[in-house]
Every structure is written in C-alpha cells, then in structure tokens.
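The structures considered in this document are given below.
There are two complexes below, and they share chain A, which is joined by chain B in the first and by chain C in the second.
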Partner chain A sequence: MSKQINVALIGNPNTGKTSVFNALTGLNQKVGNYPGITVEKKEGICKLPRGVKAHIIDLPGTYSLNASSLDENVVIELLLNKNDKDFPDIAVVVSDVENLKRNLLLFTQIKDLEIPTLLVINMSDRMNYKGISLNIDYLEEHLQTKIALISTRKNEGIGRLKDLIANFKDLPITPCLNASEIDQDYFDNLRKAFPNQLLYKLWLVITQDVNFGKTDRKEIDAVANFKTKSKGDLKRLQQKETIKRYQFINNVLKKGQTIDVSQAKDLRTKLDRILTHKVWGYAIFFVILLTLFQAIYDWSSVPMDFIDNVFASLSEWAKDMLPNGAFTNLLAEGIIPGLGGIVIFIPQIAFLFLFIAILEESGYMSRVVFLMDRVMRRFGLSGKSVVPLISGTACAIPAVMATRNIESWKERLITILVTPFTTCSARLPVYLIIISLVIPEGRFLGLGYQALTLMLLYLIGFGVAVISAYILNKILKIKSKTFFVVEMPNYKLPLFKNVALTVIEKTKSFIFGAGKIILAISIILWFLASYGPGEQFHNAENIVKAEYITQNLTEEDLQQKIASHKLEYSFIGITGRAIEPVIRPLGYDWKIGIAIISSFAAREVFVGTLATIYSVGSDDEETIKNRMAGEVNLVLGGPLFTFASGISLLLFYAFAMQCMSTLAIVKRETNSWKWPLLQLVIMTVFAYIVALLAFQFLK
Partner chain B sequence: MNAIIQNILVFSALSLAIVFLVKKFFWKKKSSKKVCGSDDNCACH
Partner chain C sequence: MQDTLAHLKHGEKGIITDISSIHIPLKLLEMGCLPGNFVQLVQLAPFQDPMYLNINGTHLAIRKETASHILIDKITDE
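Moving on to the complex of A and B:
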C-alpha cells in the first residue's frame, strides 16, 4: 500500500506558489473552502518517487505568521494544530529569487515550529536578468534545510523538489532563532510554566488572535504563576522578534546571495514608467479594455451560433424521437432550452477569464490597482477597494469576501455596498443577448457598436460604484483611517498551464454553479407555464375555436392561438399578468417580468427563463435569439425587444441587486440584515427609475 | 400507461427541483465553529 504524506505549500503572495502547486499536481486538484469559512482551499495529489503519494494543500499567501487577515489565520491555524487532519508532515515554503530576504522571514518562523521545512526558491530563470547568484550549499548549511532551486516557467527543478519532499524525514528541525533571544526573562517564565510545550508555538498562541487559540489561551490563563504581558508590550516583543529574524537573514544572505546590479538586464523599470504613467497608464488600460471586449464579441460569435443551433436541433430531436407526453415536452420545451440558455455563453465567459488570467499572470493587474488607487482616493476609497471592484467582474460574492483585508471598517463597508454595481459575469449573458437584439452590428473606427456598448456597460457599472462610494463616504459617519501598500510583481510571460487552469476552473464553476439552479428553475417554470387553473386554461381549445370561428385560420395558426391562450391562463401567465402593470412603463411584457423575478436567484437565469417560456407550445426549431427577436409587443405593436426596451432592460440589470447569494454574503460579512436590505431597496429603486427614464425617453 | 409514466416523471422532476432550490436558498447550514476570530464580529465595529 502506498504511503500518503501531507504537504503544505506556504509562501508570500506573488512568489509563484500556485504555479508550483500546478506543476506538482497537474489536473489532480480540487478547489473548495475551509470548513466554516469562505477562504478558498486548493488541494491536490502528487505522485512522488518510491510510490509515495503527497496530499498537497496550497495555503493562502501570507507574509508572516503574525496574522492580520482571515486568510492568514488559516495558515497559522493549520501549522499550530497537530490534530488537524491536514497538519503537514512537511512545510514547503515557496520564495521568489528576487525577494528572498523578505520571503525568508516566513521561512524562519515556520522552521521554528519544528516542522520539517523545505525551501523552494522559484523563478530561478530570472537570476540572470537581475544579476543574482546564489551559493546553495552555504544557504542550505546556514538555514539548516534543503533548497530546491526551480523555475516553474521553464519546468526546471520540479524533479528535485519531488525527491526532497519524498525524503522529508532527512530535513533537520533545528530552529533558526532561539525564542528566548526575544526576551530572556519572559521566555524563561513561559518555559517554567509550560515545560512540555514548544516555546515558539506558545509565543504565537499568545500573540495571535486565532480561533484555536481560545482553548490554548484558557490553558495559559489558568496557570497562576505565569503573567502574560499587556498588548502594547507584546507588540514591542513582536517587533523585536522581526528585527532579530532579519538580522539572522541578513547574515545568511551576506555570503549566500550576491546581487550584481551592473549585470541586470531589467525591463521592468522602463515598463513601469509607461504603464503607471498618469496619462499613458490610463490610455493603455483603456485600449486594453477595448481590445478585450472586441475580442469577446469577435472570437466567440462562431462557437456561440453553433451551440445555439445544436440546442435548437436537440430540442427538435427530443420531440421527434421520444414518445409524446408531458415528460417529453418538459425535456424539449423546458430543460433543453433552459440549459441552452447557459451553455451558449461558455465561449464568451471563457474569453473574459482568459484575458483576466493573462493580465493577472503577467503582473499588469497590480499596475492597474496602483493606477486606480489615485482615482479611488478622491472618492473616499483606498487602492485596496480596487481588488474587490475588479474581482467583482467575475462574481460579487468572492469580491465581497475579498474586502476582508481592508483594515478600515468604513472603507470596507462602503466597498461591500458598492461592489455589486460592478459588472459580474452573471450579467454577461443578459447583456450579450439583449445587445445582440437591439444594437446594430456596424463598426466605428474598426470597433463594433456591440462591443462598445458592452464596454460602456462595464464602465457605467464601475462609475456608479465609485460615485456611490463618494456619496456613502459623505453620509456614513464612521471614523477610521487606512493605508495602501501593493506589491508590484515582476512582469512575466503568462504560463499557459496557469492561464488554462484558471479559465477551466472559472468556466466550470460558472456553468455548474448556475447550471443546477437554471435546470431546477427551468423545470418549475415549464410546469407553471404548462399547467393552469380554471376553465380558461382547461377549455382553451374550445374557447379559441369559438372565438376565431368566423376567421379562416390555418391549422398551424389556430394551434398557435391555442398555445398562446393556454400560456396566458397558465399559473405563470396569471402571475405575470398580475405584475405587468408595474413593469409595463419600463417597456417589458409579463414574460420579461417573470424572467426578472426568476433571475433573482441568479442573473444568468434570465435568458434560460425566456428561452423556456418562449419554447412552451412552440413546435418550430428556433434558436433563443430568434425566438426573442420574434416576440411582439401586444400593447404597442412591433417587436418587443426594441432599442428603447433593450436599453431599459440593460440599465435595469446594470443597477438592480438581482442576486440572492450576494445579499446572503453581505449579511454574513456585515453581521446584520440592515445593510443588505438597504442595498436591495436602494439598488432596485435606482434601477427601476433609470430603466423607466431610459424607456420613456427613447421610445 | 405512457401518459401516466410521463406524468410521474414530470412530477418527480418538479419535486426534485423544488427541494433543490429550497435546500440551496432557504436551508440554514449549521456552522461547525465560529468564523471571524476570537471576537467573532467579522471585523464589524
């Protein structure tokens, strides 16, 4: 039987830890959450030499074991809890060759916990560019560990890394720093009070604010002869510890690392000068955005049309091949069109995440955050708010959670409240289908009108978020201060594997996360549209025949009239017509009203809902887009989706808080129903007013 | 016969869909432990 060991991958942010994780695990990885909290947990399996299997956990990036955020707590909780099933047999600390000094702080702290610790020095391919040379033997001797010098970019050194992990028992567990050096008297007392405990672990328990600490701290308090220090004194001792560690690291690196700046062939400074320039920086960012949205449209139109046609044919095939009956109708008119309404957007979602992954991997995204900080400050936000606002383009839920690293409660609350305005990927299907229906396909200076509209919607979302932040900053009377520090990683050519894994993972979670909800809602909607109460529904055939007896309708027209009558008096028709007076001023009919209500579960349900409602009773092989384009406005005449109603709908979705999950996460993050309810009411009322004005002016 | 089976399938699918959505949006999961540090206020002041 092969043996399995637990390996914890730990490191500062931007050291290429995830690339090491990908290189070790390949596709044998899964992403989940840590129990009880929403910090992402990545784990995978790696086969090591001699039949050993490694269970690898990619822990959140942290600069030290002195946690200041929930993400960092996860690392410390694991390293201090030997009873945790994931407690590592070996800690692999990933460092970046260009920031070795800073990265070694974390390494020395972990090593002092007497866990076998291996040092990985990543990005070795950049040593030449930076004029860096390392004396590995010297470093191994003085850091008392083994070192794997690797380059995930060039796939170098991974074999040696696997060997070293497999031989983890050979790693010395001698600490780098004698904890007593921090404060001799204090640590002597601590040792006397807890003779059987590891001194550095006790020190971390005393100075951390982590969950497991509750029990351990009780234990410490229960010992009468040990007096712990005040918070201020403990902070001073922590600073002393950090200074001691850097003294040790400096001594080791003095001989272990040589940096000859004259040998550096560095492009970074030149690029930074342009990309973060106060004029060119914004201009380049704008051009990149334009290219991104144009590409989303140009590259994905062919696969989208293909998928749309496949689902239309599949629906038709199900009707022809399966025995007639209610379940066949459910499949052909409910489930297949509903699913088609989400699968069709795979190409565009994939292209969006492809671009975002490339921008992140290349190091450009950090420059954008830096650039935007200048703008954000004017609106009462810090640069740290940019990260949630940008990650909100994928989904507001992780974005709201990403606000946890904002120290100031006021800035954090404002960021949480305005983040749902940024255009999340769930809005994309709604935007794409409506834009394709109401915006012409022409081009202006080589850029398509449709792509420009899409970009405009993204900018409007971001703009409204920032303006709302400004207003909230003036209204909310909470005093607090914060500062903004962002690390500028080096520019790198994006690794294909990392980009591909991001695109696959994000697209998969989009499809499966929303897919299940859409499938369930499609089934319920089909049922509500196919069944109804009362005489008008059950006797629809006779009523319609009697009504049109004088007109010479063809059999096909008559069947269409019957289907339309049944839909109108079905459960969904009755509900839809009840809410129609509220939404009619916006240019919508009751079917769109139903789609808006059902998309409160998830915005992307909107297209699937319309696809299902429009399919019920229809025998033709039609694509979603054609069905929507063919809908007629029964009040005004002409097509239902006009420029005016389309723009109104786009603006409604841009501003409305149409997402139950976001409300739930805002409730959790603010510990109160007050903020999510306020957010729901204000955003919905604002969306309604803007959509109303847009339709009334444009019709 | 065919109609009865088809109706049974429809109502089964409908029940499953309703149960799934109720579980997804209204079922309250029991959290195993507190999540926001020792003060347990999720940094909300």
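Moving on to the complex of A and C:
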C-alpha cells in the first residue's frame, strides 16, 4: 500500500487552475468548506502511473503569498503549517503562458518555502497565436524546477504532468533567488534569533497576520514580536522584495522566452472595443440580463410543470398502494410534497449557474465590472459589486462571499447589506406560483404579462438595493481607502467541462443544503398539522357532524369539513390563528402565516409548506397550484389569492429578510451581529409596510 | 510638472518612474506596477473612469484616483 501524495494546486486567478484540477480529477472531486470559515475547499483524487494516488487540493487563486483576503489567507496557512494533514508533498504552481512574468512572482515565493514545486504552464495552445516560444530546458535549469507545458483545452500534456507529480521526490527544493539580499543585516539577525525556522516563513509571519499550527504557536508569537523595523520600513522592504523578484524573473525570461509581436493576433482589442463601448457595452449587458430572465422564466417552466405533476401523482400513488396508516400519510402528505418542493427548483438553479459560470469563464464579468464601476460608485458601491448583485439572483450566500474581493471596506459592507434585496432563486418559486395565480395570461408587445411581472420584480429588487446603497452611503460614517484593482483577463471560450462541473456542483450543493432544511420542515409541519391538543381536535368528527346535521351534505363534503376543522385545531392551526391578526391587514390567512414563518428557515419552503398544509386530509390528486387556487378567503369570501393579496405577498417576499443562512453568513463576513440584525429588522419592517399599503390600496 | 498615469490618453504609453507607496497597495505592485515597467492606456471606461491599462503585459483596470499616485514618463512614438 503506497501512501497518497498530497498535491496543492496554486496559481493566479484566470490561469485555468480549475481546468487543471478538473483535468486531473474529473468527477472524483468534492467541494466543502475549510473548517470555521466559508472559503470553498475543493479537493479530489487523481490516479497516477504505477498505482499511486494523489490527493489534490485546488487552493483559492492568489497573486502572491502576501494575503489580502480571507480566501488568499487559506493558501499561506496551509503552506506554512507542516502539521496540517493536507500539507502538500508537492506544490503545483499553475501559470498561463501569456502572463508568465506575473505568474512567476508567486512561483518564486513558493520556492522560498522549500517545498518541492512544479511549474505548470497552461494554455500552450495559444503560443502560436500569440507568437510566444519557450526554452523549457533553460527555464527548468534557472527556476530550479520541472515544467509541464500543457493545454487543458486540447487535453495535451496531462500525462507528463501526472508523471512529474508521481516523481515529486526528484524536484529540487532550493530557492531560485536569494531575496534576503534586500537587507542582509536585518535578515542575518532574524536568522540568528530563530535558527530553527525557515527565513522566508519568518518574514511572512512578521509582515502579515498569519496564524498557523498551534504547535509552534509560542515561537511564532515571538517572531511576530520581532519588530526591529517600523511598519513603513517593512512596507518599503516588501516593495524592494517584489522588485527584486521581478528583476530575477525578467532576467530568466529574457533568455527563456521569446515573443514575436508581429505574429500576435489580437482578439482582445476588437472585442473590448464593442463590449466596453459607452452605448453597445451597456446594451449588450442589458440583453444578456434579459436572456437570463427569459431562461429562468420561460425555458425552465416546462421541466418544472413536469416535476410538479410527477410528485402530485407520486403522492397519490403512495396513498393508493400503501396500507393506510400514519406512515403512509407522513410519506404522502409530508415527505413527498416536501421533496417535490426541492426538486422543482433544479431547472432554474441550473440555468442560473449556467449563465453565471459562462460569464465568469469567458472573461466577460471583468468587463462588466469595468463598465459599471463609475456608475456604481455614485451609489457608494464598487464596480465589483455588480458580481455579487448578479450572483445574488442565484443565492445571497455565495453573493455575500463574492464581495471579498472588494478592496474598500465601506463599499464592501454596503454591498453585503443590500445584496439580499436582489431576487434570489429561493424567491422564484414563490413568485412563480403566485404570479400564475393572480396575473392574467395575456400578452403585451409579445411579452406575457406574467413574464413582465417577474421582470418587474427583479427590477424592483435591484432598484431597492441600489437606492438603499445610496442612503447607506450617506448615513454610514466609515472612512476607508477607495481602491480598486481588477484584472482584465483574456477572452476565452468557456470549456464545456468546467461549466458543466460548476453547474452540477452548485446545483447539487443547493439541493442538498436547502433540501435538508425543506425536508425537515415538511416533516415537522406534517406532524404539527396532523396532531392537536384538546376536544376540538380529537372530537372533530362528532362536532362537525353535529354542526351540519340539518344540512344534507354529501359524504365527501362532510369529510372535507372534518379535515379542515381538524387542521384548524391542530398545533399548527392554533399557532397560525394566534398570529393571524398581525397578517390579516396584508390580506393573508393563517395558513399563509405559517408558510411565512417557516420561510425564515429558507424562503423556498413557502411552496412546500403550503403544499403540505393543503394536502393534509385531502384525497385528490392535485398540483400545488390548483390547491392554492381553490382556497377561499373565510372573511371576505371569494378566492384567497386575489390580485390584491397576491401583489401584497409578492412585495412582502421581495423585501423581507427571511433567510437565516444569509443572516449567518453576514454575521461571519462582517464579524458582528449588528449588521445582520439591522438587515433583519429594517428589511422586514419595510416589507410589512409595503405589503400593507399594497393590499389596502388594491383591495 | 511630471506626468502621472492619470494623464495618459487613449493608446498613449509610458514608463513608470516612481510610485507613492502609501497610496499604492502591495497587490498592485505585485501585479507588475513597478518603477521601470512599461504601461499603456488601453481604454477608458464610459465617464472616463476607471482606466484599463496594460502594465508590463498584465491587463488590469484601476481608478483614476489611484493612477494619479503613479508617476510616469510618457513615450512618444518615434
């Protein structure tokens, strides 16, 4: 039994690091989180020659070992902590042939850590296109490493890469330059003070706040206190170090790389001229957004209807085929409708992540950031806020995490605070079902009223997000440097494999993440709705029969009356009716009230909750939608879901902060309960007022 | 007065001569924004800001405010 080789994939953003990861691991990968923080941890298994296996970690993209964000910090913490179970036997630095110079900076830093380091030069297929040629032998000799020239797009060179990983013991571990020359005296003293530690490791500890390995914590504290230089001096020294590294890289590349500019073809300039044009740029962006909404609404409605019907029949089938009893009821009325409420989202979630993955992969997202920065700044946001606001249409949780690369704390905080206003995919099922109930089917200028309503809701979400940002920008007195750097990567045709894996991975984690909550809530709700305390519940049959004794009801109607009487006096009914006075002015009954309360676990629970509540005690095979349409408003008469109550509900869901996971993530990212609580109170009160006004005016 | 990066016009080139290190984060330096390196303005965003630059072969965008802390010598094409 040979031991697994631990491999860490490290590289700048946009070098195709993830493509290399996908090429090595294929479907043998899993995505989790680093313990205690919300940075995504991707790991996978790769089979190497001679039966050896490699455990591969895809570390977050970083430009250097001087971390400026939580994600980047993960990289140093792993590389500095020899006791970590994932500590790499070999570091694989992924670079892109067109940006070799910049990519090598990180490489030289990692070499200083004396870990066996392998250099991957990716996108070799673009070398001819850009007129680049490389002297690999020369580079290997001077960079003290082995090089794998590969193309993930053409699937070339992967075999050699695997061979090199398997033979990691042959890699030299000597640094390729002597960076301590920048201040020999200082580093000599440092070495004397801590003779057992690696010099570069000491330097990293001194210049930044890294926390690694509890075992050598004491000594590290001592190192961090080794302050013989002022902060300003240290910064100047870091600057000198960077210049020194670039000098070395420039010298190596002078002989190791030749670029024949006359051979280079430039697609970038042509595309940029259109995509960042002051008119066309915005127009194209708008069209892309329109297509996105069209996809979510129209294209995914077919599979969604199908799923809805399948689950309705499945429920009915379970009831018919299984023996009567509590378990069958739990299955048919609790679990199956609950599961249906999860599975029904798959088409939309997949479409959303598909679009976002393509926009990111192609390099277009950076252009949007560039295009929108000036406009967004007016509202106290950054161009980089566009990415969270767009991915907020999928889910606010990754969106809040996506704010990490916004450099200014104030801009980042405002982005985090307003992102939950954007219409996330969890609101979508609520919108879809209510729109289909209360908005007529007609068309206006070829666009359906229903699709227009949905589009309007998205616009309202964005609008309110931007307006709140503007207000927050005026109120919040936070001083922070407004500073902004965004790389403009080359345009690339998205790799099918990368896009597909992202879509599968994200959809899966959404379904299982949210799915667990939805399923649990469905089961709890079913119990609460099927059992109750007291005379009214247990004796429901006799009470109802006595009440309707004079009327000649059919058996079916009578059963229906009994079931609804029972529901009213079940645990859930009692709770629901207790809160009814608060929500009645908005046009809701107690069942909607229960659905709203359970929505605080996750909004998408709304549909599942109503499905569970309505299906308890009902025998017919019905889709969720038909059940809702059949509900009667007991106070006003007529259907419960009217134009007024529907709009009121839509607006309530548009603005209310109903997502515990988002609150948790905001707490984590802002490191304080103040901001999430503020979000919860302000958004929910605002939602209540708007919904109240809407219902009272439209009634 | 010496030119700063913020003074570059569309397509113009220069060599970085000095940077005011208090205003420039390390990250920008690490991306190649260092004295002696070549820089070209690729494009200005609508509303003239941010600036899309080619610095030392790396394409990136920064705001004008930051650019005004980077001193350059303009290169005029021969």
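The rule we apply is simple: the second predicted complex is superposed on the first by the 658 of 699 C-alpha atoms of A that agree within 3 Å, B and C clash if a C-alpha of one lies under 4 Å from a C-alpha of the other, contacts with A are read in each partner's own complex, and residues count from 1 in each chain.
Operating definition for what follows: a contact is a pair of C-beta atoms (placed from the backbone, for glycine too) under 8 Å apart; a residue touches a chain by one contact, two chains touch by 3 or more.
Bear in mind that the values here come from a model prediction, so they are computed numbers and not experimental data.
> Of the partners chain B and chain C, which touch A:K516 in the superposed model: first, second, both, neither?
First partner only, chain B.
> For A:F327, decide between first (touching chain B), second (touching chain C), both and neither.
A:F327 contacts chain B only, not chain C.
> Answer with first, second, both or neither: which of chain B and chain C does A:Q239 touch in the superposed model?
second
> State whether A:S301 touches chain B only (first), chain C only (second), both chains, or neither.
neither
> Examine A:R668 and indicate which partner it touches, taking first as chain B and second as chain C; both and neither are also allowed.
After superposition on chain A, A:R668 lies in contact with chain B alone.
> For the complex, which residues does chain C have touching chain A?
Touching chain A from chain C are residues 21, 25-32, 34-35, 42-43, 45-50, 52, 56-63, 65-66.
> Which residues of chain A touch chain C in their complex?
63-64, 66, 68, 98-99, 101-102, 105, 235-236, 238-239, 242-243, 246, 268-269, 272-273, 276, 278, 281-282, 366, 369-371, 373-375, 383, 407, 482-490
> Under the definition above, what is the set of chain B residues touching chain A in their complex?
Interface residues on chain B, with respect to chain A: 2-3, 5-7, 9-10, 13-14, 16-18, 20-21, 24-25, 31-39, 41-45.
> In the complex of these two chains, what residues of chain A are touching chain B?
Listed in rising order, the residues are 35-37, 70, 73, 209-211, 213-214, 323-328, 330, 404, 409, 412, 478, 516-517, 519-521, 523-524, 527, 601, 660, 668-672.
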